[in-house]
Structure formats: structure tokens, C-alpha cells
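Next up, some structures in C-alpha cells.
The two complexes that follow have chain A in common; it is paired with chain B in the first and with chain C in the second.
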Partner chain A sequence: MFIEIIDIIISGLLNGSVYALMAIGLALVYGVTKAFNFAYGSFYTMGGYFAWTLLVSVGIKGGYYTVFLTAIPFLFVVGFFLEKILISPLRKRSDWQMKAMMLTLGLSLFLDIGYIAIFGPRLKSLPDIVEGTIDIGPFAFMNQDIVIFILSITGLLCFAWVLNNTRIGMAVQAVAQNPMGAQIVGIPKDRVFAATFAISTIMVGIGGILLSQKNFVNPQASTGIMIKAWVITAFGGMGSIKGSLYAALIIGMLEAFVGYYLGMIHIEVAVLTLLLITLAFRPQGLMGKE
Partner chain B sequence: MLSIENLNAYYGQAHVLKDVSMTVNKGEVVVMLGPNGHGKSTLLKSICGMVDSKRGKIAYKDQDIIKFPSDKIVNLGITYIAENRELFPYMSTLENLKLGAYSKNARKHEKENLEKVFSLFPRLAERRKQYASTMSGGEAKMLAIARGLMSNADFLAIDEPALGLQPNLRTEVARIINEINKQGKTILVVEQNIPQITDLADKLYVLEEGHITFEGSKDDALSNDNLKEIFLGM
Partner chain C sequence: MNTKSMLTVLGVTYGVIGILPLFIGDSSILMRILTMILIWSVVASCWDLIMGYAGIFSFGQVAFYVIGAYSSAILSVSLGVPPILSIFLAGIITGAIGVIIGLPCLKLAGPYVALVTFAFQLALEPFLKGPLGKAIGSGGSRGIISVPPIHLFGMDFSSAELIPFFYFAFVLTLICSAVIVVILKGHWGTAFLALKDSEDFAASLGVSAFKYKLLVFGITSFITGVFGALYVHYVGILSTRMLSTEVFTILLIMIVVGGIGQYPGVVLGTVFTVTVNELLRPMGIYRLLIMGGLVVVVVLLLPDGITGLIQKFSDFRFKKKKNQAVETQESSV
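Our next item is the complex of A and B:
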């Protein structure tokens, strides 16, 4: 019984940490631009296919090291230019947030169908980042799980560091807190918007590389991930980064417990019930400001 | 230093500024008076690149800046100090000030400007760790002015600095504007009818319904009965 619970908690922490990485990226974009990015899940899948292409199709040297070293600049460039080319022109129009929502919805359909056209409809499997297990007392951990956990926590810490210690990070916070104030002090809003979009693309893409090892690369995974990221962000409080962190860990735990005791089928129901109850009593989410 | 010719500006369908022309010389304090909603803020925002839809000519140091984006204008040395302050609420005084020095031109002078600002506003030095959202109205106003000074600007466009302040704070704001001017900054300030601020003016303008309806010195304004009554409260 006790060992069971510890196992469940560890699996919850593992999922929660990757969810946190992905949901915080989404919270960041929403916090800065106040626009919904509905293509978010498709970048998760993109991360998975990027890793599969390098590792399985090309068989690149250096394995996952090379994958991460190339994925970060690749995802940054994809995110940055998609924002510059597709979303940025919309911002000159009134009600651009609504138009951006429609555009990203279309973009996600385009990308998901593109994946099927290029890679076919079948699931692809990624090799494990490390093999084997390690025993600590009565518990057996998969090395892969430990590495995934460490990498996603490292990702979160890097993100926090960039946000609080670099000029671009302070500029991002300034735009999120007061866009007008940011313009007054001479922060180039367009560049901050594009950089934010790019950073969030990296975060969800890395999440895709990490989790696709356990769940396969699936051209239809995008919607599920997008919904999950949105549920976590809404639960934590729209645009609140701390809120998303706690929400991701809580939802990771809830999924692990419900999946174990009631069965995988009930996970979605449990998560959405938690969201509905929370929003009924706290419409702004756990740590939302309004 | 700044000369505007036939500036027209629009908010959506509304034609807010109509053929506005004015000049501000180096070292002057120019006060723009006018009723609420007649385009004073739009004028300042147009100068600072924060109004998209406009035409005419805005020359700053012999350069036409009408098409420049706001970040480029800040870097040229023009800063806007907003009437409703527009601070970063969940950042400390110090972080707000440091962001004030965001532009390339300001970064080099961040340290010396921070010292200057703290000697001008000792209150802010005491509260350097306090969140902007927890400050009183007067302190927030001071912080907004201080943040503007951090940009190392030569030209300050100040929007209703005394609005909503109690009389002794109005005098304080006027004193500070005078002080900043003496340190060499050129100032364009828009106001409704605050005598302490109008007193500082080297030149007065009146903006009504998007038109400049008066231009001249304080003495000219005093001899104009209409103006005396409406704007100077005498």
C-alpha cells in the first residue's frame, strides 16, 4: 500500500513537471499578448517528430544530446518567424486577439494534417533517453523517468532565470504587467511578442520530446495536449506563471491517482471536474489576478 | 528643438488633432492648456510614437520622427510621462526605475541617473524595494516622473502631472518640474488649470476641439479676458 502510493506520487511528479514546462509556456504567451494560441499542441507534436527524424530516420550521432542542442534553436526560429509572419500583421487591426485565435486554430489543423502527409498516420516510437532501472530501498525507478524529471525541472529553472535576470526577461514581464508602460520606457513590443512566442514554442516542443518517449509520437496528440495545457493554465489562473506551476503538479498527481485507482478512462473526467469545481468557486483560477 | 507642423491625428473614426502646429525651444517649459478630451494627451502620444494614425510633420532636432516607432523615439531622447502613471505594478521601485533605462542610450547612464533621481526624490530611495502597486497616488506620480528621467531624455512630455493630487503635492510637483528644467531638460506639459504649473511656463498654448486656439506668453494670456477666466481661474 505504502509503496504503491509512493510509486503513484512519483509518476504524478514526473508528468506534473513536464506539464509545468508546457503550461508555463502557454501562460507566458497569454500573459504577455492576452491572445489564445490554439496551435500550441501542434508544437508538442513537432518536437516529437523532430526528435524522431534525427534519431530514427537520420540516425544522427550524439543521440539525445544532438537532439536537444538542435531542437532549441530550431523551435526558437519556428516560433519567432511564425509570430513575425502570421500573427504580427494581425496586431495592427482591431480585435486582433480574436483574429489570432482563429489563425492559430487554422495553423494547428494545417500542421497536424501536414504531419500525417509527411510522416503517415501511424504512431512512431522514440528510443528511451537512458535505459535500465535503479533501486533505492524498496523502490525501483526507471532511469528514463529520472532523466525526464531532471530535464524538465532544469528547463523550468532556466526559464525562471531568463525571466528574472536578463533584459529580455524583464522586458517580457514589463509587457505582461503593463503594455502601455512598456511602450513608454521604449521596449520594442513587437520583438517581445515574437520572443515570447518563440520561448513558449521551445518549452512545449521540449515537452514533446520528453513525453513522446513514453507516449509515442502521434499526429493526433496535439489536441489533447492543447486542451491539457489550457486546462492547467485556466486552473492555475490565466497568465499566472506560479499558478500554472502548482496547477501542473496538482493535475499530474490527480491523473496518477485516478489512473491507478479508477482506471485511465476516468482521468479526463476527473481533471475537468476539478477545473469546473475550482472555476465555480474561484473564477480567476488558483492564482489569477482579476 | 521640437517643431510640429499641421499635425492631424485620429482615434478610429474620430479626428482628434486638426492641423496642430507648435514649437518648443531648447530649455523651455511649454504648457498646453485645454479642456478634458480635446486632444492634449493625443498630442503628447503622437509626439512619442504612440498614436498610429497620424499625418503632418514632427521635427525633433531636425529629424522628421512622425513615422518612428515609440522605442526609437525613446532612444532619441523623448520620454512620455503618463497621466495615469502606467507603472509596472508587481515590480519594485528599483525595478521600475531600471526598466526606465531600457533604451540603448539610457543604459550607459543608468547608474548616474539613478543617483540623480534618488537625490531628487529621497522618498523613492527609502522605498526602493516596495511594489509600485502598493504606493500612494502621490508616490506613484513621483515614481512615474523618476522613471521618465531614467530614460536620459532631453525632452519630457508630461501629461497632467498634478491631476488628482492634493494642493501641497501639486506645489511639490511644480517644484520638481522647475528643478528638472533647471538641470537642462526641455519640457512640454499639458494641464487643465493648475496655477502652480502654469506659472512655470515660458510659453502657453491652448488646445480646444483639436485646434490650437491660443499661443503666447503668460502676459498675453493674462490680458486675454476669456483665457483668464477659463484657464487661469482668475
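Our next item is the complex of A and C:
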């Protein structure tokens, strides 16, 4: 009983840490650009397929090192140009938020079906990042889980460092607070929008590479991941990065417990109920501003 | 768009659709397409009403459609309610659920509403497939297989008899379109527009956001539920496949192509989308690829859909005529 609970908590922490990486990317892009990205989950799958192509299809040297080193620039370029070509022309219109939602919904269908057309409908499995297990007392930890946890936390810390200590990060924060004011002091607003979108693409893509090792690369996983990331962001407070971190861990735990005790099929219902209850009492989310 | 041109566009479109069975009544494929155009045109119009006019980012339209279908199917299969009554009851059930979903949404800002309603749609599928859904008679992942046809005036209306069903759906479509026009052009439509443009200012003039937003949730989900129920009695089988992103995106294309908040435009968008969707069916998986790409292209290039294009074109011709008139005047002088 006790060991079961510890196991569930570990699995919740693991999923929660990767969810945090993805949800914070989304909180960032919503906080800065105010664009509601429905294609977010498709970039998760894109990360998975990118890793699969390199590791299994091509069989590249260097394994996951090469994958991460190439995935980051690849996802950055994809995100940057998608924002430049698709989202930024919409920004001039009055109802652009609604249009951006619709456009990204179409984009997500396009990408998901595109994956099926290119790679086929079957699930793809990625090799484990490291093999083996460690025994600590009565518990057995998979090395893979530990590495995934460490990598996603490292990713989060890197992100926090960039946001708070570099000029780029400060420019992003300035645009989030007041786009007009940022432009007056000479920050290239449009480039910051595109760069933020690209950074969020990197974060969800890396999340895809990490979690697909455990859950397979699945072209139909995109919607579920997208809604999960959005639920976490809304639950934590839209645009609040700290709130998203806590919310991701809570949702990760909730999923692990509900999945274990009630069955996997109830996860989505439980998550939605939690979101509805939270929003009914705190419409701005856990840590969002009024 | 003024009332006169709105009614003209609606009258011409539905008039043509209503006459077509006289010519193509022999072809069952074309009749099926025509019937689906009718059903989707009302569902898409309701979405346009709530999103384009009332300005609520409700993404639960497909969910309401499926709830209507399931409630009517469950009522008629498990409880033996006659379909003509169960369709109406399904509308009331869906309307009530719409109001319940609408209540938390009233407090929330735009994107949150989209999120809650979309998550509602995603959570509906595991609910219907799971033990809770089976308990109310959803049939789990197998779905409901033998839904009885509508029986009225000693006649059966179902997919076995395409032309009678078409005219049955046609009458319902005309009634619902009339209701939508009355709502849009009456006091309510003005209130919706006022709330969409500036909620605070509208409230200061005594327009209650609470009342009107809840009303629009109730009405649109009622009509959507009725048409979902109509659909299920037409095809006779039902499963959770209706809840896929594919159906959602196709509905989205109708409203994007027609123009958001340009009411009769969405009917034209439906005619276009259903036809293109059927034409592309032999292409297999590439059909959805094209449909997804279509959303992106239309949103980028046609801000107001077909309606915007027609308006631009007629403005252009109007200006040209005016210029010609000026030129002829000048030359005569």
C-alpha cells in the first residue's frame, strides 16, 4: 500500500515535470503574444517524430545527444517561421484572437494528418535514453525516469535563467508587460513575438522527445497533449509561469492517482472537473492576476 | 448586412436547394449530400450566432450536436419514446446542458471559454465510452446501432426514403433559419452586438450580459441538439466517432469560408464545404490534409470569407459604375 503510493507519486512527479516544461512554454507564448495556440500538441508529436527519424530511421551517431542538439535549432526555425508567416499577418485585424485560434486548429489537423501521411498510422517506439534500474531500499527507479526528470527540470531552470538574466529574456518580459512601451524603447516587438513562439515550440518539442520514450510516438496524441497543456495553463493562471509549474505538478499527481485507482479512462473527466471547479471559484486560475 | 439582402441570399440558397431534388432525386449520393448540407447549415449557423454575433468563443458546438444525437437515440431505443417527441426532448436536454456549460463560461474571459468548451468535447468521448455512459445506455465504444426512424402521418422518414426525409429536414431548416433571422434582426441581435462591442457600455444601458449570454447558449444548443437528433434518426447508427477533431474542423471550415459574423454567409460556406468534402473523399487521407490546409489559407487570405469577397467585388463594380457615370456626365458636358 505504502509502496504503491510512493510509486504513484513518482510517476506523477515524472509526468508533472514534463507537463511543466510544456505548460510553461504555453504560458509564456500566451502571456507575451496573446495568441491562443491550438497547434501546440502537434509540435509535441513533431518532436517525437523528429527523434524517431534520427534515431530509428536514419540511425544517427551519438544517439540522444545529437537528437537534442539538432532538435533545438530545428524546432526554433519551425516555430519562428510559422509565427512570421501565419500568425503575425493576422495581428492587424480586430478579431485576430479568434482568427488565430481557428488558424492554429486548422494547422493542427494539417500537421497531424501530415504525420499519418508521411509516417503511417502505426505508433512508433523510441529507444530508451538510458537502460537499467537503480534500487534504493524497497523502491526500484528506472534510470530513464530519473534522466527524464532531471532533463525537464534542467530545461525549466535554463528557461528561468534566460528569462530573468539575459537581454533577450528581459525584452520578452517587457513585451509581455506592454508591447507598445517595449516598442518605444526600441525592442523589435514582432521579432520578440516570433522568438517567443519559437521558444515555446522548442519546449513542447523537447517534452515530446522525453515523454514519447514512455508513451510511444502517436499521431493522435496531439489533441490530448494540447488540451492538457492548456488546462494546466488555465488552472495555474494564464500567463503566470510559477502558477503553471505548480499546476503541472498537481495535474501530474491527479492523473497518476486517478489512473491507478479509477482507471485511465477517467483521467480526462477528472482533469476537466478540477479545471471547472477551480475556474468557478477563481476565474483567473490559481496564481493569475485579476 | 441588411435584412433585405440577408433574406434574399437565404431565400435564393434554400430555394435552389429545395428545388434540386426534382432534378437529382434519382441519385441517392447527391440526395445524401443535399440532406447533410441542410443539417450542417443550421448547426454552423448556430455556431455563427454564438461566436460571430454574441462574441462567445464557444468551441462546444460538435459536443452539443452529439449530445442531442445521443439523448434522442437513448430516449427512443431504451425508453421507447416516439422519435418525433424524442427529437424535441433531445433539444430541451441539450439546451439545458448548454445553459449549464454556459454558466461557468459567463465569468471567464474569451480564451478560457474556448478552452472549457473544447475540453468539454474531449471529455465527452471517454464519458460516453466509459461505465457511466454505458449506465445511461450509450452502448460504450460500440455505440447505438438500431435507432428507429421518425414516424409521422403514417410515413417513415429515414435514410431508406431520401426524398421525404429531405423535405422533412428542409421544413425544420426553414423554421430554424427563420428563428435565427428573427433573433439576429430583433432586439436580441442588437443586444448581442452591443455586448460583443463593449460589454461595460452595454451594461450601462441596461443590457444584461448574464441574461443574453445564457439565452444564446440555451437557444443555440437547443437548435443544435434538435438537428443532432434529426441526424441520428436519419442515419440510424451512432458512435463517438462524431466527436473527432475531423468533424470539428469541417464545421470550422464552413464558418470560416462563409465569414464569421456574416450570417447568411455561413450557409454558402456549408454548401461549399460539404460539396468539397464529398468531392475529395476518393483521395483518402489527403482529404483531411487539404481541409486542414484550407482553414489556414482561408483565414489568412479571406478575412470575411465568401461574404467579404462578394462585398468587395460588388463594391468594386459599384465604384466602376459610378466612375463610368461620372465620366459620361463629364463627356456630355
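Keep in mind that, in the parts below, the second predicted complex is superposed on the first by the 290 of 290 C-alpha atoms of A that agree within 3 Å, B and C clash if a C-alpha of one lies under 4 Å from a C-alpha of the other, contacts with A are read in each partner's own complex, and residues count from 1 in each chain.
Just so we're on the same page, contacts are C-beta pairs under 8 Å (C-beta built on N, C-alpha and C of every residue); 3 or more make two chains touch, one makes a residue touch a chain.
As the structure is a computational prediction, the values presented were derived from the model and not from experiment.
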First (chain B), second (chain C), both or neither touched by A:177: first
Touched partner set for A:67, first chain B, second chain C, both or neither: neither
First, second, both or neither for A:224, with chain B first and chain C second: second
Contacts of A:54 with chain B and chain C, given as first, second, both or neither: neither
Which partner reaches more residues of chain A (counting touched residues only), chain B or chain C: C
Chain B versus chain C as contact partner of A:185, first or second or both or neither: first
Residue numbers on chain A that touch chain B, as the complex places them: 92, 94, 167, 170-171, 173-174, 177-178, 180-189
Touching residues on chain C, where the partner in the complex is chain A: 51, 57, 104, 107-112, 114-116, 118-120, 122-123, 126-127, 129-130, 245-246, 248-249, 252-253, 256, 260, 285-286, 288-289, 291-296, 299-300, 303
Chain A partner contacts - residues on chain B that touch it in the complex: 12, 48, 50, 52, 69-71, 73-75, 79-82, 86-91, 95, 98-100, 102-103, 106, 147-148, 151
Contact footprint of chain C on chain A as seen in their complex: 30, 36, 86, 89-90, 93, 95, 97-99, 101-103, 105-114, 116-117, 223-224, 227, 230-231, 234, 238, 263, 265-269, 271-272, 275-276, 279-280, 283
